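Heads up, the next two complexes both have chain A, just with different partners, chain B and then chain C.
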Partner chain A sequence: MATRPNALLLKFPGTNADEETARALREVGFETRTVPITRVTVEDFADTQLGVLSGGFSYGDYVMAARFAQLEIERRLGDTLTTFRDKGGHLLGICNGFQTLMRLGILPPGSLVDNVSERFVCKWVPLEKKVSDSPFLHTLPEGFELPIAHGEGRLVTKDPADAETYMKDGLAALTYGEDVNGSYQQIASLQDTQRRVLGLMPHPERFIYREQHYDRDWQQAEHGWGYYLFQSIYQTVTA
Partner chain B sequence: MSPPKQTYRHIEVRSLDGDALERLSNDMKLSLSREDMIEVQKYFNEANREPTDVELEVIAQTWSEHCKHRIFGALIQHEVDGVKETVDGLFKTHIKEVTEGIWKNKPDFILGAFVDNAGFVRLDDKVAVCLKVETHNHPSAIEPYAGANTGLGGVIRDILGAGKGAKPVASLDVFCFGSLNTKSEDIKADDVLHPLGIMRGVVRGVRDYGNRMGIPTVSGAIQFDPAYIYNPLVFCGTAGTIPIGDIEKEVLPGHKIVAVGGRTGKDGLHGATFSSASLTTDSHEEDQQAVQIGNPIEEKKACDFVLEARDRGLIGFITDCGAGGFSSAAGEMLSVTGGELYLENAPLKEPGLVSWEIFLSESQERMVLAVDEKHLPKLKELADTYETEAVVLGHADGSGILKVWHEGELVVELDCSKLHEAPRQTRHSKWTTPSFRDDVSLEGSTADLFKKVLGDFAVVSREPIIREYDHEVQGNTFLKPLGGATGDAPQDGSVIHIDGSKPMMSMALSLLPEWGKTAPYEMGLACVDECVRQLVICGADPKRLALLDNFCMGNPDDETELGCLVETTKGMAEAATFYQAPFVSGKDSFYNFFETEDGPISVPVTLVISGLGIIDDRKQVVGSSLRHDGSALFVIGKMDTELGGSVAARVSGITDARVPKCDLEANLARYENLYNALQQGLVAAAHDVSEGGLITAIAEMAFSMKVGLEIDTFFSKEQLFAETPGCIVVEVESTEVDDFKALFGEDAQQIGKTTSAHKKLVIADQIEEDLTSLKERWQHGLTPYY
Partner chain C sequence: MQLVAEVSPRLAEPKSCQGLLYEPLSKPQTYRQTQRYLLKFTGDEAFLTEFIRKVLVDDVCQDLSVSGDPVYEGSAFHLDYGMKPGALDHEKETILNYHSEVAEGRFEIESLKIYKRLYIFGDPSETSPEPFIKDIVNPAIHTWSVTDVPA
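And then the complex of A and B:
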């Protein structure tokens, strides 16, 4: 049997969704290692196929979401993440992890700012897949559902036209089926031009098992929709 | 070099008379009574010296109501309707002995109660679950955001300090506020915050701590009553899991005492003693420093540290710094062995704190550990990993004496055995059953009354608040606070999957303060009954439940108020004994009264019963929302017509109705039957009849918007709106109806069916309304206020 691919999860003070994210990764076949930012080194990426930034409130998100996480990654790891990607590695950022990838500039330019409601919102939302070339999404259908839980998930770009360009250029990977936070173009997820990095606000790790759905009678698929996101990237890195 | 600043002082007590002792207590804000001060004087007479200010502060907080629960320990001469009885301690008689009796019958299930930070019950062979609920009322009245923030932060630490460190997995919160549309001119005191401001601050405080910690806030309740305007109540609870082998903990002589987490500052001085007195307008000005400031990330770091240290076997004993700070945490740890602490070792937020401030500060996010010296290097390394601080404060030494040093001076030297002996109080209480009217009936049409009830603050959806709590983090919220086909219909409790275990945990809670105003004994019965009922509806085995009792009341020096409390505890004990559902933890809060321009206003005696239950199989979790077309709808239990305590009575201005009967025997048999029915897969959905009565329960089930409902059984208006304990509405698929009927016999009444022909609620001869408009009214009742 082939060895299982390795996923490396970075953990900051305030990262709080790393355990269920690791569980989801293991469920589809990854080996996982969660390393606090104080202990992570460049060498940790050598044998890693997937780098993961999980959800939470890194350093409290008191300044701007993920600002300190960005600074700490830059201070401790320099451009390791970019190099890792350029050499063929994949990166996934969920919620606070998406915010971190945006601040690091690994994803197309833009910001995740306060929801228009100025409130934290925890609910399940419909999502639409807008790309066919994402290594994270190919086993998912065109429309599906995942929970969101964030206060700063509104994707904005310097010029609103940039967001339109992201839609046209296949950088906007997922959009919300309804306006949940005021994101331009209702964008819920972005990928990089190399198609190896995905950031998304919704939480796939919270919908791995069918019974995690709010409706006891949900049976649209064998697993929860989030499972298929992790399964897609598993298939990609083991292909 | 200038001589070091004096960090403590001696205080003359031995020469003082009673009046002077009392004055000293007041001047130092010790909240100690004259009798207490005389005991203190005796101790120092025997020691043949004067106490230091640090020692007096330590004794004051140790003996405070907040820490010692002296009213629950008091000898009470009680009188009910002219009949006298003696209560040899409310805690001992109506809580501890109840649990001890049940414990004998369930030695394998109950794994700990009362001694640790939280009680433990068995989930499976390897894992135990625990629950703790605390109140943070006074701080939330003064600083709603910070008060509720640290209220949740504090109870999370209770769980972290339970056993050798339990993992927090879910939180609950219960709030009692004045009505949100209270007119400002109706608030009869200066500087009292409007209920709207309190609610918004409190909700955000809970949100920002819970969300940042990554602990889902999954259960809750809000009550509104004008009596809560001056004293809002805020209950925060957290559940945890722990390997069974990590429950037992011990401090051994030679252990190092290690402080972990946040630094110590001037915030939160006198919190315990402040909480043990009533609020006044002056409190809003003077007691600001008693309210602590929360930093959830500091606690998250400590949490990550503690759980890993536990798993690596580095912890001998652990407890949290709550009320009383180091003095009570270290005091508890060293109460048997004795030991020495060095205050200069404590990392400070700011320089210049004197001895008692360091020792008593209630700065947040601190844990205290007792560890084997050889583990210190590993613990330091782990602290660096998680960017938190771990410093050695002192050690345990087997002397039985607590010695505290500061900059080379001995500032405390107390005999631990004597330190924890407060004089016992004797109190008097009295309850007189009020007279009730026998011919109470409801006016107006069912439809009109129902719309009023459905839009009442007591009933409307809590969705705007629930959505601000991350109730899905950790990915284990199996039954969510809002569910059904559209994900926004109410459920009776929540169910949490525990990683690595097949059984799951249900959580539920009940409070019925309206009942207590006229029928406190029945309130005690009904709160336990409702919590048990909800846990079973969520799928839990009625033989494996654990309860917590949390009390808040006004002035215990008032005989009638105390009498109401006594009756409540009697009812609660009776029901818990009957259901064999043990109390594994609890807490009480007194002096929730306020001197207004119109005189003192007390909160009604408020009992919150919360609980957890064990669910063997996830198939037993069906939720409370209608699921199928053509199902039969049943009511199990007999609908009473008594309207006391109901929302319908309150919106109709009825105050002299009897509360409905709580028939423990019939209810328990029904819950056991329901559990069987759930195990056999006979139940599609089940919902508890509670606030708003039968009609509200039926409508709420239909708010999943899958099907319409046709009820063809005749119910009187009173039966539709009475809040009879023990009644449950059940959806049964047509194929299961015969088996269901066979199981329940006469206790089940088939009342109607679900239909896909329309989306209406139809009750023959009473009401025919579109579900959409009913749901709209229910769902958006809070929206304008939050």
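And then the complex of A and C:
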């Protein structure tokens, strides 16, 4: 039997979606290991193909979402994540993990700030795939839906024109099909220039099984759409 | 030595005060919100300021003021409220714990108080802090102060 690829999930105080994410990764074929930030070492990345920052509220979102997760990663791991990516590893950040990757500067410059409504938004949203070269998205259709659950998901850039550039340059991987939080260009997901890092606000791990859809008769695919995101990256790292 | 750091959102527009209060307002009023950090410290002020900028500020969407002056002009008053001394303030604890590990002996934070500041805009003769105190401040856990109350 072929060896399964390894996914390493970093866990912070307040991370709460790591178990669902690990299960989703195992469903598509990964071995998973969840390591608290207080115990993680550089060596943990040696035999890892996919690093994952899951959703939740790391450090209670104190000061701002993901700020202390960013600082703790920098303090404990230095530039390990960037080096991991540069050596061919893949990184996935979901919701709070996306916010963390943004703060670390691994994704294109910007910030995820309070929703325009200043309210926590928890709903299913339509999404549009904007890139064809993402190793995380290639088995997904052009349009699909996933749930979101965030208070700080509005993607902004120092200059709004930067977000337009992200759209043109293929760095905006997904956009919302409707304006859910005031994100510039309705961007829901960014990827890095090397196409090895993906951050997204929606929660793919919450739509793995068809039965998780709000419509009990949903039959657009064999699995929930989130399954195909994890399947895409599995196919990429095992190719 | 003391340092006052006030972090304000660069992108947020003034919002209707109706969103803060339970009872309808008779006249339109708006507010802006900032976060203020009052630090008593010893050591290198420049290093501490850099620490604040790195830990407390997002330079994409926030501004930092360390002058101690109000960052918005023209408000009828501003309301500061924060956790009472002795009440557990997780944000404060997280900042202090982090600071103790990274300060490298360059500075020492002796005390930290964190307040939310609401700048309330409206006709001063029609704008009273009372409903804001009643609906926003929880006297069981908060201390608060009001500045620039109209005569």
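What we mean here is this: the second predicted complex is superposed on the first by the 239 of 239 C-alpha atoms of A that agree within 3 Å, B and C clash if a C-alpha of one lies under 4 Å from a C-alpha of the other, contacts with A are read in each partner's own complex, and residues count from 1 in each chain.
Here is the rule we use: a residue touches a chain if its C-beta (ideal position, glycine included) is under 8 Å from a C-beta of that chain, and two chains touch if they have at least 3 such contacts.
From a predicted model like this one, the values you see are computed outputs, not experimental measurements.
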First, second, both or neither for A:Lys123, with chain B first and chain C second: first
Which of chain B and chain C A:Pro109 touches, first, second, both or neither: second
Touched partner set for A:Glu178, first chain B, second chain C, both or neither: neither
Touching partner for A:Glu142 - first (chain B), second (chain C), both, neither: neither
Which of chain B and chain C A:Glu43 touches, first, second, both or neither: neither
First (chain B), second (chain C), both or neither touched by A:Gly60: both
Which of chain B and chain C A:Arg206 touches, first, second, both or neither: first
Chain touching more of chain A, residue-wise (chain B, chain C): B
Contacts of A:Tyr214 with chain B and chain C, given as first, second, both or neither: first
Shared chain A contacts, counted only where both chain B and chain C touch the same residue: 59-60
Chain A to chain C touching residues, read off their complex: 59-60, 62-64, 67-68, 71, 75, 103, 109-111, 113-114, 118, 156-158
Complex interface listing, chain B residues touching chain A: 207, 211-214, 295-297, 300-301, 304, 384-387, 466-478, 480, 482-485, 487, 499, 618, 621-623, 625, 627
Residues on chain C engaged by chain A in the complex (per definition of touch): 9, 11-12, 15, 19, 54-56, 58, 60-61, 90-91, 94-95, 98, 101-102
Complex interface listing, chain A residues touching chain B: 11, 13-14, 16-17, 19-20, 23-24, 36, 38-39, 55-57, 59-61, 119-124, 147, 149, 203, 205-206, 208, 211-212, 214-217
